[in-house]
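For clarity, chains are labelled A, B, C, D, E and F in written order, and residue numbers in each chain start from 1.
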Amino acid sequence: MKKIVTFGEVLLNLAAQGDLRLKQSNSLDLRFAGAESNVAASLAQFGEDVSYITRVPKNDLSEKVINTLRGLGVDTSKVVYGGDRIGIIFFENGAVYRSSKVINDRSGSSIATIEEGSIDWKAAFEGADWFHWTGITPALSASAAAVTKEALVAAREMGLTISGDYNYRKNLWQWGKDHTEVMPELLGYCDVMSGIHPDVNVVEQEVTDELYALAGEDMMKKYPNCKVVVFTARGSISASHNTWQGVIYDGEKVYRSANYDITHIVDRVGGGDSFMAALIYGLRNYATKQEAVEFAAAASTLKHLIAGDQNMVTVDEVEALMNGPKNGLINR
Amino acid sequence: MKKIVTFGEVLLNLAAQGDLRLKQSNSLDLRFAGAESNVAASLAQFGEDVSYITRVPKNDLSEKVINTLRGLGVDTSKVVYGGDRIGIIFFENGAVYRSSKVINDRSGSSIATIEEGSIDWKAAFEGADWFHWTGITPALSASAAAVTKEALVAAREMGLTISGDYNYRKNLWQWGKDHTEVMPELLGYCDVMSGIHPDVNVVEQEVTDELYALAGEDMMKKYPNCKVVVFTARGSISASHNTWQGVIYDGEKVYRSANYDITHIVDRVGGGDSFMAALIYGLRNYATKQEAVEFAAAASTLKHLIAGDQNMVTVDEVEALMNGPKNGLINR
Amino acid sequence: MKKIVTFGEVLLNLAAQGDLRLKQSNSLDLRFAGAESNVAASLAQFGEDVSYITRVPKNDLSEKVINTLRGLGVDTSKVVYGGDRIGIIFFENGAVYRSSKVINDRSGSSIATIEEGSIDWKAAFEGADWFHWTGITPALSASAAAVTKEALVAAREMGLTISGDYNYRKNLWQWGKDHTEVMPELLGYCDVMSGIHPDVNVVEQEVTDELYALAGEDMMKKYPNCKVVVFTARGSISASHNTWQGVIYDGEKVYRSANYDITHIVDRVGGGDSFMAALIYGLRNYATKQEAVEFAAAASTLKHLIAGDQNMVTVDEVEALMNGPKNGLINR
Amino acid sequence: MKKIVTFGEVLLNLAAQGDLRLKQSNSLDLRFAGAESNVAASLAQFGEDVSYITRVPKNDLSEKVINTLRGLGVDTSKVVYGGDRIGIIFFENGAVYRSSKVINDRSGSSIATIEEGSIDWKAAFEGADWFHWTGITPALSASAAAVTKEALVAAREMGLTISGDYNYRKNLWQWGKDHTEVMPELLGYCDVMSGIHPDVNVVEQEVTDELYALAGEDMMKKYPNCKVVVFTARGSISASHNTWQGVIYDGEKVYRSANYDITHIVDRVGGGDSFMAALIYGLRNYATKQEAVEFAAAASTLKHLIAGDQNMVTVDEVEALMNGPKNGLINR
Amino acid sequence: MKKIVTFGEVLLNLAAQGDLRLKQSNSLDLRFAGAESNVAASLAQFGEDVSYITRVPKNDLSEKVINTLRGLGVDTSKVVYGGDRIGIIFFENGAVYRSSKVINDRSGSSIATIEEGSIDWKAAFEGADWFHWTGITPALSASAAAVTKEALVAAREMGLTISGDYNYRKNLWQWGKDHTEVMPELLGYCDVMSGIHPDVNVVEQEVTDELYALAGEDMMKKYPNCKVVVFTARGSISASHNTWQGVIYDGEKVYRSANYDITHIVDRVGGGDSFMAALIYGLRNYATKQEAVEFAAAASTLKHLIAGDQNMVTVDEVEALMNGPKNGLINR
Amino acid sequence: MKKIVTFGEVLLNLAAQGDLRLKQSNSLDLRFAGAESNVAASLAQFGEDVSYITRVPKNDLSEKVINTLRGLGVDTSKVVYGGDRIGIIFFENGAVYRSSKVINDRSGSSIATIEEGSIDWKAAFEGADWFHWTGITPALSASAAAVTKEALVAAREMGLTISGDYNYRKNLWQWGKDHTEVMPELLGYCDVMSGIHPDVNVVEQEVTDELYALAGEDMMKKYPNCKVVVFTARGSISASHNTWQGVIYDGEKVYRSANYDITHIVDRVGGGDSFMAALIYGLRNYATKQEAVEFAAAASTLKHLIAGDQNMVTVDEVEALMNGPKNGLINR
């Protein structure tokens, strides 16, 4: 099978340990974060041939992060080096009524100061048939937005399937334009995209297929290239307990996965990324959209039960949950 | 606003790590404990001007503890040095049916061997309008009880509002007198005091306002200076799961907070202290008693979700829970 | 009271820390495992005089493990030294839908290469009145099965009560014979044995006394020496949440314990062993079988809330749960 | 005695643990760094009344750092809040032939974006008689240099003694002017300043008093306000083994301390800062310059034997080394 | 061979980790300390049959300590339970010019409050031929001194060889009598005792055999039962680097071991205890006194290179150093 | 430049932390070991294109190890999967007179049970011009020896330069043949090989060029293909302090590097492997043999100062030591 390419920012994730708050911490775990690198890492665990593209400075910190990604099986040969710093997030995990917390320290990162033309997209997409990006990259800077567009244009020209995750983060759009001025054009290139979840509290009320279909239709009207709209229905009972279901709409039908009751969350960060990664895998490897969404939901449920931003699970482990009993026995 | 003063024993809390029992431990976390220092620390996080008074020996261990308190913003300039040792508790955290466990090693501590007249209460209370104490201090020794009374007399003379927490610990009263011989006189000075919770299992049965009013009236009759009686209703479903509600009675009306369902407790130690601290803050800073009790309940609910004895939360964080949705989203 | 003897394999348990998966781990906790050593350790915590017999190589790793067992109060003077290696399991703890995982690296261990006649069972059983073994030992090798039989013959001759735990592990029986060829003869020596739980999902449906009695009768018919058949009813709601009940049948009556709702499991490994240990204690120390099964269920419930394979609880702690309220207060 | 004021940048120091390199690290220790805050922390350990001024953003990371400083006894009430980020350094400790390594990630920090006029120096210097600054602050940005000058002007007007540490770091001067364009004017305000060490390898050759006097005279000619020139003679035998001696020149005489043979360095970072802090203490508290330089050398020798950037030693501990035997017995 | 008995105080040793000072610590390692338990632990590692007697309270902390001792192979069946607390020391390890530091928190310990007659010395010494004690025990309290004397009287009556270590600690003798009033009588019972090292700085000057013989003679005159006087010559170059030699005098001849150059000390605490333990082993197991002192010096040199108070080495390991090259190759 | 290929066994290295002995350990660090994988990892850090071949089982432990190697930049696409287990070594680091210790638990590993013909050497060597192996692989089993020979035959046919490291480990040769029966034939294929160091204690006596030339000639006579003989001269002053020098002989001249004085060793394991890796790099990338041996010695000196078996240094770092001052300054 052909290669998948993802592009975006990779960051250091300096995480408070266990239940500690950042302000209580005397040591931090050194992890890495970034929606698109999470997707790449996840796809590599599923055995996909996946290449990740970013721009990082030449120093021991980015070397550590890129090495970790390569170790996970992601091709990092197209990473571009330059700029001054790798972005950082500081993270503390929440519990019940105490929310998780992220302190962003990512401005001025090497990906934000990337210049147009610095990536050879033709070379990057050679042998690939899928490109994945998110709305975080264009949020970082004008040039990051421009390079994202370069990627989309090239991907379209070379016939790749394109998936995009809106991933709107209010705090990031600081470079002069609002997301509503930038994103529509970029989303126009997408075949698969995340949808805006119907405004319903899924803890209190079930969302009907009709509502999802309506929301999907809405997206498809705005973005005529879109063939699959993706929803994740998170029921936020507390920071420690969520329900989690995947839903996709293909213009004809709504497919919804099992609704998982994640009663003791380990770490929900990267949950959405793991869903998108597994959905890409599912759409490419299963015969039916129902299987694809079931795979995506099972995989991303497991991500909630794994520490760190990347979903360290194999296809076998996902399928065991997807197809089997859902009660966590011991595998001796 | 004027200063709040608290007085009592500060201890080393040598805590088993994670889920380990003390007898399984090869390392212990070095924390600090003490009801009144917990109240002081909490008030300092809320931005209150708060001074903490205790007696500790001159050594690196008490220096560590006092430094930590000062770092949290508590004025420690009135701490008195002397005596032989800082008291110690050894702590292990419980889980579900396994109770938390405390081994007390606090006899002979510097606060227990304090002598009458060793604290200049006039100076200590200068610029203050509130004094908080608990029933743990008079339990430690005859002289500690006497010094507590000195404090109360001075506070009353200087017109401070006085709050007291009964905090009865059977194991502590070893110095010759029973708590019933000592506490009534001391409680007589209090404007705000903890009440004896109606004898009802709140897991099984709701406690009516009438019952709280009755219990409150009972206290007010015994202690005519008392203007506010304070209750915390803990529903002990298990060591990992409690419900938690604050209730106050002001002689006229019962005010009760939201009833929190703390499904995954991180550390409940200091829960009561954090409630008292936040109630003091609430009574001083909000227009209504309803807001005060809501603030106190939200703050102390967060304490249950934070490791260590002190409530490391700000007013903004408490108000976000008090006023907002209660489901722990990620704050990016 | 007389001595209890257990015999089997002790292993290193190299365990991923906290919520980490093995493949995420950079350090592992060094624990020890082994059903029969778990039973011995548990009985020693209850104050029983207990001797554990195994074969390990002479090296620092087995010295560490044997020292730990001796430290817990188990007599290890009958341990035999020789062979090439101590078996190892690598362990990661599950969460909700993510199963716990064990990687076995135990082939070629010193207990598997034990030779017939290498243990002086007469000496080993001197002063003893109870012998406990499990189906794991005969699974390891032909000679381990043969030595198990030697033990059973000697125990029977010397009049010891014999308890056996089937503990079937599919992956272990690799030495040429199937468990059905070996176990029946060995089980024939048992007075107390684990039964095959009625094929009912206890989460969905209550198991009637009749069903247990039927299953018990079935065992007793096959193994006429058997006087007590033991069942544990685990309701696997998820890897983090189980229900847990003990049931015994004595040929006349079914005794069932309280059904515990273990909502936040710490570590369920060793749960069955701790049940068997506590049942042995209960049958020896209580007047009634009902008390015995209640003790066993309470003890093993606590094991689920303790890290590591051994049940680090005292009789007092078990009885507090068995007889008292079941909501985990703080013991100050 | 009157207050000492220091001003500069405080940074997070995210340090590799033990002997690990940054690229090998999975956790980092969270410390803090900054020459002037190190000086302040050290002076506070000596019991001096010291105030530290900086500008940091309002977030949990700077709160943690400022709390730690306040905990150490430093007055932080004049710290100014604003800007976007606290600067970060990543640190790994060297060994023998492997150099220690620092990765700077400090551009755009709140102190670099400080604006002129944002600190009320009149208020800051009230009650103070000493001001300490270093050449790191003017290196950060034009405005940081301007604010440094504001401080110096005000300090001079208010009659404070001024000490300055050149602390030249090539990598920092990036804002348009070279240090030779900026520093001379600023150094002109100093009463005490670090001198340029004679260009002699102190491992191979002893530096004569004449050479130090010459170098001192040179400084005093350029900067006529200067009354004391300060040298530290580090003999870099390896990253693990240095010799260390302090030398001062007062225009008349060279004073040199004992030459310490630091055979097993724990952490040399902050060595120079601890020397400057202890020299300030010494000049203020001892009758003779010889005692001052001995105190400074003994104190900073101890810093090399303490983990972290701050010198956690008391006057008693320094004097024990300065006056006593130098062979590290156990103090029971 | 017959049993060795030691008697004294066992304490928790709460130790700062790595190079940290206590005042920098957020976690402490839980070890145990106590001269006589160190001797017992060491002898057990050498395969001796050794019994340790102390008095500790019934709690999880003393259980942990006693279990560890039993795990190391020490018979703890004669330990007496009672009293209020186990003594504690807090420890930080020194480096070069920074001394190690101990904070004592041991007053009121169960061994200090022991009552005369509470140990059945007849039973304790059954099967034993050697008793070891130190001057720390009589320093603790009048009753601890009295019980020590009881032990000595019984040991003498039952014909045991008695070894005593003066181990003078100024801070401990607080109960009314000075050590000079108490120790001479007790030392009178000893066959083997530590001598007062000639007042010579062994770093600067070699101590002649004559000086040792003189010092030995002096002891033997005062204590006519004494047959062997024991010296350890520590050359304190720094806290990280010592020389170390053992010397014994038997009334006729001075025997001195190799002089070890311990250039990178790991932990010198327990060094003297490990020497005494190994000397006891050596006197019992080697044909010559020269071998005994060589074994003792080699063993205690290794202790300086092992973390914790107990000497975790076997006879084989000691003999490899004693007889072989002294350059630390890798044993694969 | 073309690819380098190495082949051998990769093992888990479960290492005691800090100064602890294995028998004191409650956690172990999970590293990886293996001479040939160390060489590959080192070459990858130098930027060489390097491929590592081994056989490991399909489980999470080998996945972890292989991922780490791939992360370090080693091509692992030719690794073969199968067999039952990955070999393990348990390691504790020595100090001064206490030797480092390795417990081998590697029998039955997947590489030992490899079958002839299971590696496609033609494919493996495509694009390669250098093959490196060691005498550890043929020591493991008859089939491992046979596969080594297959590799050598193919490498010779395809014209690769071959380097071999004798790496004799007495404990390993257990499969029936002695190393003297197997190694000569295999060494006959080598262009570069490790020599037998002249039997001289380099701490006490300098080894002359003549002696090295003699030893080299001796090898070249036995193995006529050999063009470069490699020596490392380790002066074992203690486990913490070694001298270290590299020497090569090319049939004409002896080239010797600087002699490094490694006064505070961090971890010497992998020192020889790092020398061989750096020598291969040196011979390929420098114009002179003198530079090659200097690079090799500097690189492997740094390995002694880095924790873990792999040499985590870049060419820049090695050249800085090789060409510059040798005293470990701070790189800010």
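Convention: contacts are C-beta pairs under 8 Å (C-beta built on N, C-alpha and C of every residue); 3 or more make two chains touch, one makes a residue touch a chain.
These figures come from a predicted structure and were not determined experimentally.
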Chains touching both subunit A and subunit E:
B, C, D, F
Whole-Å gap between the CA centroids of subunit C and subunit D
62
Determine the centre-to-centre distance between subunit B and subunit C, using the mean Cα coordinates as centres, and give it in whole Å.
44
CA centre of subunit C versus CA centre of subunit E: separation in Å?
41
By residue number and range, which residues of subunit D touch two or more other chains?
18, 21, 23, 26, 67, 101, 264
Chain-to-chain touches, reported pairwise for every pair that qualifies
A-B, A-C, A-D, A-F, B-C, B-D, B-E, C-E, C-F, D-E, D-F, E-F
Sort out for me which residues of subunit A touch subunit F in the complex.
67-73
Given the complex with subunit F, which residues does subunit E contribute to the contact?
18, 260, 262-264, 266-267, 298, 301-302, 304-308, 312, 320-321, 326-332
Subunit E touches which residues of subunit B in the complex?
14, 17, 21-23, 25-30, 59-61, 63-64, 67, 84-85, 88, 90, 101, 103, 105, 107-108
In the complex, the residues of subunit F that touch subunit E are 18-21, 23-24, 94-102, 104, 169, 171, 203, 236-241, 264, 268-269
